[in-house]
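Going by the order they are written in, the chains are A, B, C, D, E and F; count residues from 1 in each one.
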Amino acid sequence: MPYVNIKVTGGSEAPTAAQKAELIGGVTELLARVLGKNPETTVVVIDEVDTDNWGIGGKSVSERRKEGR
Amino acid sequence: MPYVNIKVTGGSEAPTAAQKAELIGGVTELLARVLGKNPETTVVVIDEVDTDNWGIGGKSVSERRKEGR
Amino acid sequence: MPYVNIKVTGGSEAPTAAQKAELIGGVTELLARVLGKNPETTVVVIDEVDTDNWGIGGKSVSERRKEGR
Amino acid sequence: MPYVNIKVTGGSEAPTAAQKAELIGGVTELLARVLGKNPETTVVVIDEVDTDNWGIGGKSVSERRKEGR
Amino acid sequence: MPYVNIKVTGGSEAPTAAQKAELIGGVTELLARVLGKNPETTVVVIDEVDTDNWGIGGKSVSERRKEGR
Amino acid sequence: MPYVNIKVTGGSEAPTAAQKAELIGGVTELLARVLGKNPETTVVVIDEVDTDNWGIGGKSVSERRKEGR
């Protein structure tokens, strides 16, 4: 019954469909292995966030990328 | 003052504007009826999630749809 | 497969277990009726938020309650 | 280490990249000033929500805008 | 820079500190392996939700547990 | 109409009621100043997260604190 939300940067940095499927399978397996949670009712939602809309260190990721970080 | 977030699959499965309006009205009415919450300050946000980005049972909804589920 | 998160004020304003059950049943029924979603995989999570931790109009709900609002 | 999520209406009401950068910088500075949090690990995510998908007072913002509110 | 939120049932079903540490390490490793994300800025937040406050199939988990599910 | 969620570590690191009021006032003022949002309908929710339940760099904050970080 767990619910997992994964937020990553999108746009040119977005994961492929195959990578998203691997994340969904991997985190579902992790919850089954560590906590014995039933995979059938484990829900995973992936959000792709534009680099203008994600900030760390007081700056957007877009700004950081321009600075080479 | 309640805040409600509803996540459903989007893309070809996305709700119409009329359906979204009905969800907003319905959940606001539910909170007023059950808890006496003021509709004027009840906030509802609907997120439409791509079927590649939603997983259940360890697989993405896109994969499940291909398998006829 | 929908996921719904409902945030309401807690503490002395917290809903009872019966009210929470009514919210869970009501919003699940709403999603089945409006969008044809399967109730068996509709997930609802209710968060009870302390009135010190909820703000509206630039003030916490605790401050607003003291002012009689 | 704080995590901040800001949801605002998008589409024609969406903030510009410069406004989003100002929000990211401002809220990071606020958490450093009030709580002494390290800006380097303060994460901010901004979500732009379609006016059809945002409800208040039991109606979507799209409906409210048509009514001149 | 990813952000991951994991919600599981709490109370008598809550994970131990060791299990939570294993979830944090496991999901951080998964994001590094699948997407090449930097573990140093991967943030994980685990929420423990009371069984009265979690619903699936239109009923709270508390009700389901009483029915032996 | 914006909605803001702020997550910080709780327990012995939790903000005081006065600090939470300052965060609520400050972020509401920021949204009014940068985007012209109406403070009366700006909602802020603060979550205090146990240091066992918050991970960064693949370890819980509790573990990091023991290591002097």
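Methods note: a contact is a pair of C-beta atoms (placed from the backbone, for glycine too) under 8 Å apart; a residue touches a chain by one contact, two chains touch by 3 or more.
None of the values given here were measured: they were computed from a predicted structure.
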Shared chain contacts [subunit B and subunit E, defined touch]: A, C, D, F
Touching both subunit D and subunit E (chains): A, F
Matching chain pair for C-F (criterion: over half of the contact pairs shared, by residue number), options A-B, B-F or D-E: A-B
Longest centre-to-centre distance from subunit F, chain (CA-based): B
Equivalent interface positions on subunit A and subunit E, same or different at half: same
Chain whose average C-alpha position is farthest from subunit A's own: C
Centre-of-Cα separation between subunit F and subunit E, whole angstrom: 20
Where subunit B and subunit C are represented by their mean Cα positions, the distance between them in whole Å: 14
Residues of subunit C engaged with two or more neighbouring chains: 1, 3, 7, 23, 41, 43, 45, 54, 56
Which chain pairs touch, all of them: A-B, A-C, A-D, A-E, B-C, B-D, B-F, C-E, C-F, D-E, D-F, E-F
Touching residues (chain side subunit F, partner subunit E) in the complex: 7, 49, 52-60, 62-63
Residue ranges of subunit C touching subunit B (in the complex, touch as defined): 1-9, 15, 19, 22-23, 26-27, 30-31, 34-35, 37, 41, 54, 56, 61
Subunit A residues touching subunit B - in the complex, by the definition given at the top: 17, 20-21, 23-25, 28-29, 39-48
Complex contacts: residues of subunit E adjacent to subunit D: 1, 3, 41, 43, 45
